[in-house]
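Have a look at the structure below, then the notes.
Labels for the chains are A, B, C, D and E, by order of writing; each one numbers its residues from 1.
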Amino acid sequence: MSTLSEPPKESFRLSMLIYDTRYRSLTIQTVAMILLVLMISWLVSNTVQNLENLGKDFDFGFLGQRAGYDINQRLVEYTSQSTHARAALVGILNTILVAFLGCALATILGVIAGVLRLSKNWLVSRLMAVYVEGFRNVPLLLWIIAIFALMTESTPMPRDFREGGDASMLFGSIAISNRGVYVPAPVWGEGASLLIGVFVISLIAIWAFRRYAHRRQEATGDILPVFRVSLALFFIPVLLTYFAIAFANGRTEQAILATGGEAGLTLTEYAESQESLNVCLIPGTTTALNLEKTLRGADVRYNAVPFNDEGQALEGFQVGDCNVLSVPATQSDPIIAEAEGGFAPVPLVETIRRGNALEFEQPYLGGFNFDGGIHLRNSLIALWLALSLYTGAFIAEIVRGGILSVSKGQTEAAYALGLRPNRTMNLVILPQAMRVIIPPLISQYLNLTKNSSLAIAVGYMDVRSTLGGITINQTGRELEGMLLLGLFYLVLSLLISGAMNFYNSRVKLKER
Amino acid sequence: MSDTHAQTVRFVRESMLPEQEPPLAESGVLKWVRENLFSGWLNILLTVLSLAFIWFVLSHLLPWFLNSVWSAGSLSECREIRDEVFGPDASSACFAVITDRWHQLVFGFYPPEFYWRPIVALLLFLAAMAPVLFAGIPRKALWFSAAAPFLIYFVLWGGTIWGPLAVALGFVVGYATFVGLSRFNALLATLGAIVVPILYWLFVAGPLAGALASVLPIGLTFVPSDDFGGFQLSFIIGMAGILLSLPLGILLALGRQSNLFIINKTSVAFIEIIRGVPLIVWLFTASLLLNYFLPPGTNFDLMLRVIIMVTLFASAYIAEVVRGGLAALPKGQYEAADALGLDYWRSMRLIILPQALKISIPGIVNTFIGLFKDTTLVVFIGLLDPIGLSNAIRASTEWNGIYWELFVFIGLMFFICCFSMSRYSIYLENKLQREHR
Amino acid sequence: ATLEDVQERGNLNCGVSTGLPGFSAPNSAGEWEGFDVAVCRAVAAAVLGDPTAVEFVPTTGQTRFTALASGEIDMLSRNTTWTFSRDNDLKFEFVGVNYYDGQGFLVPKALGVTSAKDLDGATVCIQTGTTTELNLADFFRTNNMDYEPVPIETNAEAQQQYLAGACDVYTTDASGLAATRATFETPSDHVILPEIISKEPLGPLVRHGDNEWGDIARWTLNALIAAEEYGITSANIDELAEGTNNPEINRILGTEGNLGEMIGLDSDWAVRAIKAGGNYGELFERHIGESTPIGLARGLNAQWTEGGLLYSPPFR
Amino acid sequence: MTDAAPATPLETQREIDRSHMTVSDEVAIQISGMNKWYGSFHVLRDINLTVYRGERIVICGPSGSGKSTLIRCLNRLEEHQQGEIVVDGTELSNDLKNIDKIRSEVGMVFQHFNLFPHLTILENCTLAPIWVRKVPKKEAEETAMHFLEKVKIPEQAHKYPGQLSGGQQQRVAIARSLCMRPRIMLFDEPTSALDPEMIAEVLDTMIELAEEGMTMLCVTHEMGFARKVANRVIFMDQGQIVEQNEPEEFFNNPQSDRTKLFLSQILGH
Amino acid sequence: MTDAAPATPLETQREIDRSHMTVSDEVAIQISGMNKWYGSFHVLRDINLTVYRGERIVICGPSGSGKSTLIRCLNRLEEHQQGEIVVDGTELSNDLKNIDKIRSEVGMVFQHFNLFPHLTILENCTLAPIWVRKVPKKEAEETAMHFLEKVKIPEQAHKYPGQLSGGQQQRVAIARSLCMRPRIMLFDEPTSALDPEMIAEVLDTMIELAEEGMTMLCVTHEMGFARKVANRVIFMDQGQIVEQNEPEEFFNNPQSDRTKLFLSQILGH
């Protein structure tokens, strides 16, 4: 074969920057880089210039200043004396709260609607189609406003719950009013730690049982009723413990001690005899809860004097900070016996229950509003419902698509092998559908989280309203504030989509 | 083959059996009802629940709808009419507010004598989108699509025609530079096509338009931005967002597909940042911060700034849609284009993009639906979209206290638009699937 | 500079409230009108000669300052309280006070509340991003009371929430309360509590740093106030503009001296400003005065000669 | 597609060992007077068929004649509306227990394999034994490996279906059915989705099964297979059994005109 | 799949006219010491090959031996890392101008045709001449029709690729390449995605091209084609050229053991 002479070694020429594939990409990138840097520096220099013209600077110091405004829903300690940074934190937590609640409810709604839409029941599937199309094709903002309006316009005011009003509480303990929903709040009493301990242990037991069941199935083939046993393990020990503790300490009723009265008075009589009723109590305990309940039941006005523990409460009682105290019988007798000087406590007729390991503080009507219990504000509920219903409609489509994406052949193959319909669902259909469902599902979560910024429509105090709203407005730091706000959302989004990519790479179907 | 079973009957059917009707329980309405509504206790339960729900909703809504008042001048008049006709306690909708104010809800404060202009603009928009949305239309029509934004701007805002023309000329200048320079070098041409028009817009376009306008004043009555409102505003923002974000989105998608590190990473960063932050934050940025980033003294109106922001926002989403389309093309198409000697831009323009865009149309339509719905967020920065207008209407003394009628009307309008668009995109998807089989 | 920008643009961008009856609200024809709006129109008339050459930008309590700072609007005339930090930290220049006000509380009569001190535990509707929000926090804290704030974006929403009973009390500037109450179906079912918990001098403002522009706004407002003092009304202004024997009036109306020139306008700038809607008193009467449904008394906002606080510096 | 018998490599294969392929007197499947409708479309008309244990029946007929439907009725993937089907002594009715019992005794191999893509080959094969037969995992895996060896792909046990070729997938599908140790196997055109090479692989496997005396019903157009293995060929048309006979007779001496026409078509290549 | 030479209808074709098939002394392609890696996988090893103008070279070899890669290196669809490729006097380097030049002179036909589905047949053929060669549209269309006639499908000019059969599509692909009037044609298994009937159509077209003296490099396992047309057959294995020879010699008297084995396989059917 003939050979060619060596071609002369090429030296670098300028035109190679453009024509040589090796250098060309470098050239393009350098040019792009220069354009990019020019663009950015143009923007930055404009900003600097503008700030200078306005006499402003770029400074995050405002975050340390006193915020001065109140926030109604706060998951961490916050008062108007706290800093703007703290207010931002409250907002961030509120955003995360509504996003989390929204994702949870949207998933439930979406899965139910998606499955029902595939139902053979014509009526149900039509109804779900109406739900899905209705929510998907109308702006979310309109739904938020409409649901908020529905909640404020069509639910009763707190004062309608008063006697003579036409509203009443659900099951006697849930109040749905146009200021929000009040639900009973749990209060942990004596023995609560035991109860929680038992609960944790039963969770561990469930986990252990499932493992055991799995092992046993592998070894012998026997299939244990995992679901039923888990359910039983979940409830029975806790309930048993609860009643046991209730039996042990809840049965004893304890005396109400009062100073400056005679023995044998009822609460009402005593209250009438006194100028004012000051009650020593330790907030957050079941004893205090039941004492207040009794006081309210007797319809007497009183002031609560809070203390941190029983010793202090007793001391306060002795020095006259208050004139009413309730302590266990074991302590009340010595107190009465050892009383000296002008201090002469006597037990009243009424007694109170010390309370169970877990009790619920019922909401009750106070001055203007309900007191006690947990207050779910309308803004939260409206935003939460609207976000969930809206996103749920999208999730329903995703779920439906996911299930439909598993071919009928898969079901048939499973049936032909003798698998029952519910096992077919669990072992064959769901694992496959999940792969299709999860990625778009997570991007729906992302959308929901971002859409939670529509809180502005209902006055929910999310991070946009605190940091990106009032704080910016009070301090005039819009550049810094918006930057932080954008950054927060960006980080949140990247975290969520990072999770998505991780999941995706984990479960990708193996193919040739 | 001795093992053949003794009893194996050879069987031959001499005459074919006729087709029979299925047993009675297997056909007709009865079967349908049984199978679709009452098979199994769960199904029965669901049916009953659904019926109860439907009854509940209808029993509340139907009287309200049926007893509606359609013509009245104010809410109190409405109530009077209701008291007269249906009795004082009847639940009754007062759709008179719609008949009274529909023109505001639809056109905002746009001068009524010019209502034809937004309508023409809508038609122009549809005509401009047609080549993108319907694969059957000749590609030449894309030139019209390119010209449409300027035309639409002119029709809507009015003023002298030379302004939009001068701006449009910038693109022509850019293209001319590209063609002129690409004889020498493609890279230089690309660069020139970016730089020259920018210089032109900065220094030449304004004076040129001014000069032309003073020589030859052609134009329509100018309508200021704050007269825009209602569905017209939603449409304008949505349409502008889509029309303008398409080219940008395509560029971003190409950037994201590119293996040039800086271009790729810049595109990715842009897309992720835009998509990671809620639109409402971007809108606030547009209304609060955009002026910080522009040269001191620039001031253009809020609506334009919103359109810019929405365009950037939509382009990130379009980019992802188009990227999907690009990825769906077989590698062979790229190779065949290379093997024929087409360069990058030509192979993109002639081979890759026409195909990728076609695949992306359903996604683009879906993006548009989302964007259209999201235009309601502009109410928070003080633009009068339908929701903003509903607030304004409620603030007037005549209609103070009216609520649901406006929501129902606005919701219904959005539903009709979005639902029909989503049907179209589903139809397209099915069609694509059939073609790709 | 802003003046040139405005003149070049041919219209004034003026920030107003999204809707507060009597102060600023669009009527059914889409035209903005009200007491705050009138200030914008007066400035536009003075600068551009056309009281309708105003583009009104509706702002909420939260968006108004950024709108002004970012240059989206040339001036803000939106019942905004003059405070130290807005002046110095947010870098704005208040050009005067067009309404001396204070924060009050609006409650339904049925509630039986007679004093703000009885509001312990109440739910309070409050517009976010306002001084009233801060005052409220301080008021309740210093009086050792609890409350539940319901943050709200606009007056219209606040009104709706209040009427639906989502809050017991609505608090904002007393003028705003009166204006809001006036639009109720039965205003008499609601009372404004006697306590005024703060000083709220409301006035138009511009950005720091452009003193020429600030002066124009300031002296336009002063011209309206002075016009009332000197009895210049939209009815007699044409006559007076021919020349009077009161040199102050003549200076205001530009028949004497060159005040107009000094602030970069022509000589009959004030004539146009006053003609746009009348003098301060006329504006007050037309939009919020006792003859309107809003029915505010002049009170503090009377001329100093009548025992009020309105006191325009001399035109000299 | 590949109904051209000469093209398949069966010709060149070793002689078939028919020694085990005995047919007993015991009835495996008994269908009498069975009718089925889809809506108002009468797909299966008056089907009467008795299959004895150990029989290897090939069902053929034009497309749409109801072959698949018939097969699918046998393990209740489709419901019949009239008549009676008794499989292995159990009547197919709406009784769920009977259905379960029959399904675990009747194996089915589909045209499109229908392997579970999210499980490995081994897991595919052990799924049903573990959850239906309640066999310990280890034992199930041993059985699975046994059958995978039988279909000659033990080395693929830990791969996923997506990583296998079509022929391999179909062989896994057969192994999966066999793992349930069914007494009857149904095949619905098991080779028609495959390339010629792969068809050979799968047919080999099926022939081996036949040699072991498995009761088989197979819808197929592989006439080579029918000739070699079947002891009865059933021809269906328009939802009816038109003719049935021993393969030799059936191919060489079809009685009905319909059959003649059909045979002339598929053998005409 | 369809590498069974006897199955193709070439046997029955008319005698090939070899009169034009002259080989000149001019070098068309010169590959020397060429090496290529995919990552760390050495896919082409020390390739040396000289192709003279008018030569018709068939490249064969087992799957994965690097045939496609070699062909694709010739118009820079793949980059080589060592050695030198000179096509038509131009060295293939990183210089874009050279690459453009070579690409417009080397036509390529892919296994999967890669027609542009959104353009009509005519547009497919005129696209490159118009945009790369800058030929006026009318002229380009005339040329295109000329070549479409040559591949015998002028009547399809206004259809879209999706409406054509595989064989027709491949012929369009050939015509599309020819429209650029290339001096060298590369074929990468142009017939292996086709049914036997269609293979015949395409091979006919290729034979015609060969008769006209086009320089051709063709990866194919159609041994009939190789015998009739090629004047050199190259056998590759593991990225190396193992043997090259005239077809008769190559088939009848292979030198290397590897080649013998390979030939026994593909001719063994």
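We adopt the following convention: a contact is a pair of C-beta atoms (placed from the backbone, for glycine too) under 8 Å apart; a residue touches a chain by one contact, two chains touch by 3 or more.
The shown structure was predicted, so the numbers you read here are calculated from the model rather than taken from an experiment.
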In contact with chain D as well as chain E, sorted by label, we have A, B
For chain A and chain C, the touch-path distance in steps comes out at 1
Comparing each chain's Cα average against the average over all protein Cα atoms, the nearest is chain B
Most remote chain w.r.t. Chain A, using mean C-alpha positions, is E
Of all chains, the one whose CA centroid lies most distant from that of chain C is D
Chain-centre distance (mean CA atoms) for chain A and chain B, in whole Å, is 34
Note: chain D sits from chain C at a C-alpha centroid distance in Å of 89
Between the Cα centroids of chain A and chain E the separation in whole angstrom comes to 67
Rounded to the nearest Å, the gap separating the Cα centres of chain B and chain E is 48
Chain A touches at least 2 other chains through residues 18, 24, 53, 153, 456, 472, 478
Chain C touches at least 2 other chains through residues 66, 70, 157, 160
Listed in rising order, chain B residues that touch chain C in their complex are 104, 109, 224, 226-227, 287-292, 297, 299, 301-302, 381-382, 391-392, 394-398, 400-401
Seen from chain A, its contact residues with chain C in the complex are 53-56, 68-72, 79-81, 152-153, 157, 159, 178-179, 366-369, 371, 378-379, 456, 459, 461, 465, 469-470, 472-476, 478
Seen from chain E, its contact residues with chain B in the complex are 75, 77, 100, 103-104, 106-108, 110, 112, 114-118, 127-128, 131-132, 162, 176-177, 180
The chain B residues in contact with chain E across the complex are 330, 332-333, 335-343, 346, 350-351, 354-355, 358, 435
Chain C residues touching chain A in their complex are 61-62, 65-66, 69-70, 85, 89-91, 111, 119-123, 128-129, 133-134, 136-138, 140-141, 147-153, 157, 160-161, 164-168, 207-209
